[in-house]
Amino acid sequence: MKNRIKYIIPKVNLRSFVAKDQVEQTIGEMPGLLVYTGYKRSEIIETEVFSFTEKELEEIRTTHYEESIEKYNENRVNWVNIIGLHDTQLIDKVGKKFNLHPLLLEDVLNVEQRPKSEDFDNHLFFTIKMFHQQTEKGIEYEHVSFVLGKNYILSFQEKPKDIFNLLRERLRSSFGKIRSKHADYLFYRFIDTIVDNYYPVLDSFADKIEQLEEEVMQNPQTSTLHKLQNLRKELILLRKSVNPLRESISALIKSESNLIRKDTERYLMDIYDHTIQVIESLDTYRDLLGGVMDLYMNSVSNRMNEIMKVLTIMSSIFIPLTFIAGIYGMNFEYIPELGYKWGYGAVWVLMIAIALLLLWLFRRKRWL
Amino acid sequence: MKNRIKYIIPKVNLRSFVAKDQVEQTIGEMPGLLVYTGYKRSEIIETEVFSFTEKELEEIRTTHYEESIEKYNENRVNWVNIIGLHDTQLIDKVGKKFNLHPLLLEDVLNVEQRPKSEDFDNHLFFTIKMFHQQTEKGIEYEHVSFVLGKNYILSFQEKPKDIFNLLRERLRSSFGKIRSKHADYLFYRFIDTIVDNYYPVLDSFADKIEQLEEEVMQNPQTSTLHKLQNLRKELILLRKSVNPLRESISALIKSESNLIRKDTERYLMDIYDHTIQVIESLDTYRDLLGGVMDLYMNSVSNRMNEIMKVLTIMSSIFIPLTFIAGIYGMNFEYIPELGYKWGYGAVWVLMIAIALLLLWLFRRKRWL
Amino acid sequence: MKNRIKYIIPKVNLRSFVAKDQVEQTIGEMPGLLVYTGYKRSEIIETEVFSFTEKELEEIRTTHYEESIEKYNENRVNWVNIIGLHDTQLIDKVGKKFNLHPLLLEDVLNVEQRPKSEDFDNHLFFTIKMFHQQTEKGIEYEHVSFVLGKNYILSFQEKPKDIFNLLRERLRSSFGKIRSKHADYLFYRFIDTIVDNYYPVLDSFADKIEQLEEEVMQNPQTSTLHKLQNLRKELILLRKSVNPLRESISALIKSESNLIRKDTERYLMDIYDHTIQVIESLDTYRDLLGGVMDLYMNSVSNRMNEIMKVLTIMSSIFIPLTFIAGIYGMNFEYIPELGYKWGYGAVWVLMIAIALLLLWLFRRKRWL
Amino acid sequence: MKNRIKYIIPKVNLRSFVAKDQVEQTIGEMPGLLVYTGYKRSEIIETEVFSFTEKELEEIRTTHYEESIEKYNENRVNWVNIIGLHDTQLIDKVGKKFNLHPLLLEDVLNVEQRPKSEDFDNHLFFTIKMFHQQTEKGIEYEHVSFVLGKNYILSFQEKPKDIFNLLRERLRSSFGKIRSKHADYLFYRFIDTIVDNYYPVLDSFADKIEQLEEEVMQNPQTSTLHKLQNLRKELILLRKSVNPLRESISALIKSESNLIRKDTERYLMDIYDHTIQVIESLDTYRDLLGGVMDLYMNSVSNRMNEIMKVLTIMSSIFIPLTFIAGIYGMNFEYIPELGYKWGYGAVWVLMIAIALLLLWLFRRKRWL
Amino acid sequence: MKNRIKYIIPKVNLRSFVAKDQVEQTIGEMPGLLVYTGYKRSEIIETEVFSFTEKELEEIRTTHYEESIEKYNENRVNWVNIIGLHDTQLIDKVGKKFNLHPLLLEDVLNVEQRPKSEDFDNHLFFTIKMFHQQTEKGIEYEHVSFVLGKNYILSFQEKPKDIFNLLRERLRSSFGKIRSKHADYLFYRFIDTIVDNYYPVLDSFADKIEQLEEEVMQNPQTSTLHKLQNLRKELILLRKSVNPLRESISALIKSESNLIRKDTERYLMDIYDHTIQVIESLDTYRDLLGGVMDLYMNSVSNRMNEIMKVLTIMSSIFIPLTFIAGIYGMNFEYIPELGYKWGYGAVWVLMIAIALLLLWLFRRKRWL
């Protein structure tokens, strides 16, 4: 039972809103009204700002948005990271500061938003699913959004835990070209980090499929079926999260926005390439999983057949024997055989002969 | 049995016309002849008019069309809502007043019309399916049509009950920007409200799938199969209603009609995005439902196998034992064993030994 | 058995030519050679001509082609209807009169020709399948071709029975705009009539599917399977007849031929819309039929399982009891229990106890 | 067993080269090196030349290439037909004479080449599969290639037997327009002849499917399954041969080569139309065959179920009866019933009552 | 068991990185950092250089990169072949010498990179999978990359063993046009060699499918199922390796790079043609394999049915007989038949009559 819970997909993945009540209230609501659709959290929202040029770097992480936003410097490249989405008023404040369209903010807050990119003339919007290392509870999705402006990147993430620590290190240490490049290169590095992080998830999928295939070949059980079903469900939801990425990164590359420099485009094409590789792997896994499913059904049926076959053969050897015993258990007054001294022995010989004959017949027909 | 009725799809969904007789009469009929294809209703058709500018608002809802249409004011934005489609003469009157093409009116009246948008130079036609909150009788579809003119929106709905009350409130209270914008923005708000209302339907689908999966894993029964079949049927019909929307909203955005202002286009793109999300969810549900179907078949077959296995094993343990009992039930005059005092005990020992041996064999083969 | 014949598809649908001999003779034959591929009929070919302006109408229907063609008047709109295709010489005569390309005539005569439209500069060719009301013998297909010229429409139909009577009435009565419009509008009315006539066929399909679903849920039998198979076959052939229509009507609309006036185009788009609706319905029916097929297989298997289960349980309750009876039927001289006065009663108690225990076990395992 | 061999696909169809050794030697080989990949034949290659204008015709068929090629006359239309491909040196000679690209010759010799058309500025290359009338050994494929030059057609065929005799007759008799037209029209006539010859193959497929469906409905057997499997295999390979034709004929029509005159294009479009019809028929056959496959599985399973059901019911009626007989076969000293005079009769009555009760129960449950 | 191991796919194919640890370290890492993702090898990397004009040829193969690179001569055509990828520093050195983009080097080192081509203005990058002759361990994939510059080709291969020996011979012997052409022709010859080498792999697939089909028809076993499953897995992975090639070769042809001369384009189109043929074959194999899978399931089920049927029939003949024997084994004091002298004989006659009747009934129902 432990196992089944392990693969279960959190309910929020199948429903597109958290609470029915909430949904009904917002239908017909004006589009500018901001509603956060994820799980409410008790932590206070943190804001993180990195403001840097090739030579200088200022960094702050605080729960006071106003304090942190003072570090924002138009003459530098700025990364403003909002950690936590449940305070819609704060998000609204950020939206006003950076002059963001209400529909963009709506997409930032809607954790069920599919990956997309949109060009708002003076800034680009990009949203993607971030996967955290897979734990026993299955894959943990996180809705992350980016806004790329002329000299800033806004990022919005749901939870404090993220996978950008290496990037932070690079920014601080000024190692590599990350500090010497523009905001669009940093933007590329964020997406690249997230897409690269898809591979371990894929690998854990491959491992699970291999492991289930082994289990199916060795000892298929009902719990194997439930694991297969859960893996399939997980795969369907994963594909739903990743598939739109192809189109949205392609849109980024094709957009004629001057926010993305010529030499960054090649890097984006590299991400596009990786995305296609991820999608193709998911397709391959689906095919492989389908194969394991077929194998399961055939294995279970083969095993059942084997049991039925051996036992049925057993019964059909004893059935004529029992019949013969029944014959001589009859109480007719005149059954000549019963009087013979060697009668009993002869019956035994007959029975053994019949049993051997049947065994030989079954073996000749390859039923044994 | 209650349950089966719950999911049944009303017959009108599978047939494209109400009555065969009616159909045969209209084949070859000239296209301008108006025929209403939905259920006839006894209520009188109501007309509702909202005529407003940012500062003023006039509102009327009455069963006298002529009375209400007087509120129509060319200098304001007007929303004319026709509630009920079964009076084709009234529809014809509206068509003449607003100079509508006969084919457009035909589409308004044909409740089986798939979602589409069409550009008639001086007005745009848009038709869509509205879903009412799902009741025990399944999803309730309603055919709704809109005509967007320069300063008016015509809407045609089948039944008095609708989901636009929040919009009416907004219009009355002048809260938000709805009164300060043009007819095309109001038009967007109508479609947005309808598309937003698809989400609760999707969620109830997700819930049903989850619930059926649970039922299949716990205790699959014939009624579960019927529920699965009905859910699948519902999904197929839902997809048929929603799929054409993608194309028709895309056509709206791409149309070069000057009835839709530049800044409204971004809002329409937001609806387009939602529509794709709805369609992708339906595709996901189809995959998930297919998975549950497979699970059902495997679960039923596993359960059957379990029963057959245990019982077959039971029989095959008793078969040789019964045979032995048969042997010593024979009436041969000379069966030496029968005379031994310990004969009976020895047979018991033999039988128990055979039973244990078979049990051990079966367990070693993992059949138990 | 009556039922099976009912749905059977006439063999001509699967073979593309009537007779093998005929085919082999025509392979490599020059394309201008006219061969009629349908069933030969004994009736003489009839010709029908309607020649009209808004004010006048001349009408003739006769078996003498020459007589009827005299009514053809270049200054009016003319509808020339050839009823029966088996007289290739007559068809050739018509072809010469109207200057038709040999390949066009080939398509007119080939009843297996898929729907298509082709633009021959000074006339348009359009061929389509007409469905007659479905009888007990299944759907009756008819190959109908149209040639639209500047002021005439040629139509070629296989059989005297058609669905154009209402149109004839309209022409005679001068009701509606049919007489005041040009040849292209009449052309639209023909196609519209034929496409409208697809709906009753669709509805009868929907009815059959519903009816079979009911049958499958209530009492699935082998004959149900054969009905399902025949319905599927019918659906496959129907899709093959209708699917190419999408493309061919789209080609009509996109063709820049000046034979089709601007305002007729919107009418053709309406037909296009209907065609897509028909195709989508057929796709939906395929999905629904697939669902009923699955349901059938599951229902049959469930029913079988139920039988097997109850009967197997029955046997496995009696097997240990019969074994016990066998034990005390043995003829050992010394079986102490046999001598006890209450022995027989005790065995009955034991047997009933075992039976109840097993029943309780089976029920606890939910096998009953 | 005869039957199985009948449908078997010759191995060459699944492998793309004749001999592994040969393949390994040619990998990395320079593209100009000519290798014939079909079956070697002992016959000497024949060459056939038709050189004609509307008024004259010279014709030769000989095993001496040089002799025949002398008939080639630049001022006439020439058809040069090479019969047999196994003499690569001769093919090379032809290639040099007509200035053909080495890759073109490679495609001529590779009998596994898929249908394609390629434009080599001063000549067009076209390759297609020719089907001979289906014999007991299944469909016989032949790889045929054409080169269309300004005033010549080269054709390359594997075997002496072909389907062009009618064309030869037409050329000789100067009947029809074949002699008065240019090389491109003759080219069209060749392809048309080959494509027309696909129809009898399709028809024989349709016949086989019908016949197998009948067999499945009447008396499904293991050999039926093998026939179905072989038909499916044949269909897959047929589709693989025909599908690329769509694209390659479309390329011919779209090519702006001035080798194909304007009025020939319409003829090619007619072939294109036929090709699509052939492909659609193959798709339809696949669907139909899938249906027959399902029907087979269901029929076999239904038949098995019927056997099992009747026999299981039989056993379960006798099981309680045998138990009762066992009861009164026990040797207890005190079994009161045994002493009653009417005891034996009462047991018979009891047994018959139980049997009837069970039969009634089974019938009420519709198991009988 | 040998057999199962034979088809197993090496784990590296399902996981996209070798070691999880490694992966986690590189996520978020800057793109220029080179990581080799294949198996580490102990051999020293070799470098091979062919520098030639039509008249001269210099050739070297050594483990000292610096030594070999001295042979590089800008005025000749150069082929620089790096054998072994595990020394990232050396690769970096090569990258600097030829001015290669870091992303290009990343793709060279990532053995899981899907086939692609990319245009870097002054050089073209192309990567493809090379298949070595299939051994008992299944297909051996190798990641090979090419860089085509103005007068050089760089090639990177993982292992010393390759399939280019014939090309080396051609270069040395100056036979054919390979030395007289430019670098792009040599580039074509490399790809052509690799794609040609796909055919034997395809053929071995075809052979395996045929062989498994034979096995399924003759004697289907559990091991057959495992072989089928492994073949399917292999096919899925093969398709994943080959499918992207279509697009990447098409991109090569369409690229307007002046590195590829006009007359080389036709050669590339020939490769494109071969690639499509390979992909179509793989699709065909998938269909065929699916057919064999179905055949397996049906065969196993048919065989099981046969066993069950015969044995069940056997039991149901003996069941009534044993019942009769039971009747006359009862110990009632008054059973009149027991006293008759001919009673025993009569029972035998009755039993044989019943057995014959049942046999006749079963045969009439065609169950035997």
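What to note about this one:
Note that the chains are named A, B, C, D and E in the order they appear, and that numbering of residues resets to 1 at the start of each chain.
Methods note: contacts are C-beta pairs under 8 Å (C-beta built on N, C-alpha and C of every residue); 3 or more make two chains touch, one makes a residue touch a chain.
In this text the structure is predicted, and so the values were computed from the model without any measurement.
Listed by label, the chains that touch chain A and also chain D are E. In summary, the pair chain A and chain E forms a contact in which the copies contribute largely different residue numbers, shared numbers making up under half of all those used. When chain C is fitted to chain D on its Cα atoms, the angle of the rotation, on a 0 to 180 scale and to the nearest 5, is 70 degrees.
Chain B and chain D, compared by their mean Cα positions, are separated by 43 Å. Once the centre of each chain is set as its mean CA position, chain B and chain C turn out to be 26 Å apart.
Counting partners per residue, chain B has 301, 308, 312, 315, 319, 322, 326, 329-331, 335 as the residues that reach two or more other chains.
Under the stated contact rule, the graph of chain-to-chain touches is a ring, a single cycle where every chain has exactly two partners.
On the chain D side of its complex with chain E, the touching residues are 11, 14-17, 20, 23-24, 26-32, 101, 103, 106, 112-114, 116, 118, 219, 222, 225-226, 229, 232-233, 236-237, 240, 243-244, 293, 296-297, 300-301, 304, 307-308, 311-312, 314-315, 318-319, 321-322, 325-326, 328-331, 335, 337-341, 343-344, 347. Partner chain D is touched in their complex by these residues of chain E: 133, 163-167, 170, 176-178, 189, 192-193, 196-197, 199-200, 202-203, 206-207, 209-210, 213, 217, 266-267, 269-270, 273, 276-277, 280-281, 284, 287-288, 291, 294-295, 298-299, 301-302, 305, 308-309, 312-313, 315-316, 319-320, 322-323, 326-327, 329-336, 366-367.
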